[in-house]
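These are the structures, in structure tokens.
Below, chain A partners chain B and then partners chain C, in two separate complexes.
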Partner chain A sequence: MIVGDLAAGELRRRLRGSGLRVRIGPVVAEVRSPFGVVESAMAMHYAAHHVATHAEFADFHVAVSPPFGPRRWIKRQSLFHFNGNVAFLPLAATQAFALLEWGLNWCISSHCHQFLIVHAAVLERDGKALILPAPPGSGKSTLCGALVACGWRLFSDELALIEPNGDRLIALPRPISLKNESIATIAGFWPDAAMSPVVHETAKGSVAYVRPPATSVRLAGRPAGPGWIVLPQYVKNAPTELSSLSRCEAFMRLVDNAFNYNVHGRAGFDTLADLVAASRCFRFRYGGDLQEAVRVFDALAAAP
Partner chain B sequence: MHDDPMWCPVAPDAVAWREWEGEVVLYNHATGDTHHLDPFGGSVMLSLLRHPGGIRMRALLQEISAGFETEPIAQLAGDIERVLADLARLHLAVRTTA
Partner chain C sequence: MSGDPAPGILFEALRDIDRLGAAYRDWESLIRQARAADLLGTLAVRLATRDLLGHVPAAPRAHLTGALYRCRAQEAAVRREVEAVRGILQPLRIPVILLKGAAYVMAELPPARGRMFSDVDILVPRDALPAVESTLMLGGYATTHPHPYDQRYYRRWRHELPPMQHVKRMTIIDVHHTIVADISGVHVDTAALFAAAVPLAAVPGMHVLAPVDMVLHSATHLFRNEDLTHGYRDLVDLDALLGRFGADPAFWSALPARASQLGLGRPLYYALHWTSRMFGTVAPAPVTAAVAAHAPPAGRRWLMEKLVERALRPDARHAATLWARRAMYVRGHWLKMPMPLLAWHLTVKAFRRDEPSALP
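Let's turn to the complex of A and B:
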């Protein structure tokens, strides 16, 4: 059963009661929340994700709920709970779904050490992974959204999960997180995108989410091999440019963007080194011409 | 002081490395640090790793000069000394008294 199959009222009953166990790639998260904004966003963005039963192991038990006290009612706030404990400072109740998404990122990146985890968008074509490692503000999610709109399979918008030995990446298809100018950019480029209402004044500015394609969610169990490592950089009005990148430089950028490289020690070095050795490495600069950007990546994928 | 000093890699068993297009990335398990060495620095470090018991400066100069023949030998010696000082600062190499 998928979330979209739940009978009317059942999603609300689970979110407000025993919890909705949802399978997201290799993990199961049990989510609870009384907020309507979380319920509607889960219905929209996780419609194609499998509902896990309560007999199945849940990796994370998370909740987004109001605090006790006056902030439950006045200038309402939301709190993220991980295994029963409050994990972060409260945010406005209107930001409850963003808080859930950021909280899930934290849960996965700080606990799933069976993978080497890199802050990167990942897409797939013909069984090969295109890894876009980058710090926030590099245009990674905008590029990811444009490529998904043009048929690339969404692997992950935020976290590259790399198996030890570096020969396989595991998919984690979740909503694509867009911020500020990229919201209008993707809305214009991909008019059919299922996009959430924009939430303003978050810590990251304005935020909106794009629903992951159902196909990407259905294929989440299908891993990908190394393909390309591309460092994206958005520079307003810059010409589109793909240039080669040394493997050592690509390796160091992966290390810079890794969440748990140090946890893995020598094995982490070997994992990233094997991944880099099996990938083609590039630097990509673009100034907002997404059509041209997609053409560049399609050509890259088509090249022998 | 010996006029031909000996240099050793620090904990060679704790070092993992890969070389691509002449550049080297290296992981030092003893410190948990990862380093990116340019072709010259990489060749000095790899020479040290080939001699875990240590190598004299003159022998090192001879090994390195084979790969960097265009550089005058005096300049090459100075460059190697600078690289060795950097490697020592990074806890990758140590000058011994042997």
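Let's turn to the complex of A and C:
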């Protein structure tokens, strides 16, 4: 059963009661929240995700709920609970779903050490992964959204999960998080995108989420092999430019953007070295012409 | 809230690891409790030692192997940090004693295996404290508590400097000059600790406490502490130390007298009582008899029995656990300093809330 199949009211009952267990790529999260914004966002963005039963192992138990005290009622706030304890500072109640998404990123990036995890958007074509490692503000999610709009399979918007000593990546299809100007850019480029209402004044500015395509979610169990590693860089009005990148530099940029490279020790070095050796590496600069950008990546995928 | 695991699943598992065979079904609750108690690594190491990891279903096993990776990396980080501290403090030519986690790692003691670390603790002679502090600052460590109240509070009343953090590595070092603050009324003869300290062959100039002192410090840390959030983990450490040192009869015969000498009989009483109750670790009869003299009066014993039992449980959301921890928090402060100072300290703390960290 998928979340979208839950009878009316059942989603709310679970979120407010025993928890909604949802399979997200390789993990199962048990989510609770009394917030209406979380309920409607879960219904929209996780519609195609599988509902896990209470008999299945849940990896993370999270809740987004109001605090006790005055901020439950006045200037309402939301708190992220992990395994029964509050993690992070509270956010405004209107940002409850963003808090859930960020909290889930944190759950996965700081606990799923069965993977080497790199901060990157990942797309897939013909079984090969296009990895876009980059710090926030590099235009990685914008590019990710544009490529998904043009038929690339959304593998993961935020976290590249790399199997150690294996040359495989594991998919984690979750909502694409767009920030600030990229919200309007993607809305213009991809009019059919299922986009949530914009939440303003978060720690990262304005945020909106795009629903992952149902096909991407359905194919979540299908891993991808190494394909391309491309460092994206958005520079306002710059011409679109794909240039070669040395393997050494690609390696170092992956390390810079890794969450748990230190945890894996020597095996982490070998994993990234193998990944880089099996991938074609580039640097990509663009100034907002997404049509042109998609053409460049399509050509890359078509090249032998 | 519904769906919380029954308390005690972790206790049962660590008391008898062999029950976690192929037929075990409670993995989700066990992983949750072990993570909440900061014992996921310990659980993983014990399963691996008994060759049981292979029986664990893939999903929970991923958390256990992940914890093993993390512990291995942290252990390597502790070794590097100790080496860095040794290098920085070497010119001072003073004895340095490693405490707690760093000591367990460097002396290769059983609690080190699978342990998560947050900082490196060292004990230095009190008269060397100013030199140690300035030398560490030159070595790249800066205070984490710049607030003037905290600085005054630590320096005047505590047995340690405010924690210092390395500006590049972000590692934390706690510099102690004794193991219990003088203001608490307990005056530990720190010179006796240094006299008995055991040098570490691999790290010149660095020492660890003698076995009896290490157990007494661990007991004191646990049973005089105000924060029992990780009380159960500390008890697991203590039990592992007793398991290792207890093989030597000389350890047991020295323990009660050393506790009396250092004025730490009460924490030792609690330590032996709770390791026996939770893990079935039994001290030789003469030791138990000698330590019984340090037991609190019946009324207080009954209260502590109830409070500690509750506070050690890894179910932080249970109201009784929370209240027990709060009561232990007040008790810890009560033991730490006299009433007027405690009242003032809690007042200041009440108006300066320590918030959890912001989102990464």
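Criterion: the second predicted complex is superposed on the first by the 303 of 304 C-alpha atoms of A that agree within 3 Å, B and C clash if a C-alpha of one lies under 4 Å from a C-alpha of the other, contacts with A are read in each partner's own complex, and residues count from 1 in each chain.
To be clear about the criterion, contacts are C-beta pairs under 8 Å (C-beta built on N, C-alpha and C of every residue); 3 or more make two chains touch, one makes a residue touch a chain.
Being a predicted model, the structure only gives us computed values, none of them experimental.
When both complexes are overlaid on chain A, the residue A:262 reaches chain B and chain C alike. Residue contacts after overlaying the shared chain place A:238 against neither chain B nor chain C.
A count of residues in chain A touched by chain B and by chain C gives the higher number to C. In the superposed model, A:30 makes contact with chain C only, not with chain B.
By the touch criterion stated above, A:249 is placed in contact with chain B alone, chain C being left untouched. In the superposition on chain A, no contact is made by A:299 with either chain B or chain C.
By the document's definition of touching, of the two partners only chain C reaches A:203; chain B does not. Shared contact residues of chain A, touching chain B in one structure and chain C in the other: 262, 265.
On chain A, the positions that touch chain C within their shared complex are 17-19, 28, 30, 32, 57-59, 61, 83-89, 99, 102, 106, 111-114, 203, 262-265. By the touch criterion given at the top, residues 16, 18, 20-21, 23-25, 27, 29, 32, 34, 36 of chain B touch chain A in their complex.
Those residues of chain A that touch chain B in the shared complex are 246-249, 251-252, 255, 261-262, 265-266, 269-270, 273, 276-277. On the chain C side of its complex with chain A, the touching residues are 1-4, 27-28, 32, 35-36, 57, 59-60, 62-63, 65-67, 69-70, 72-73, 76-77, 315-317, 355-360.
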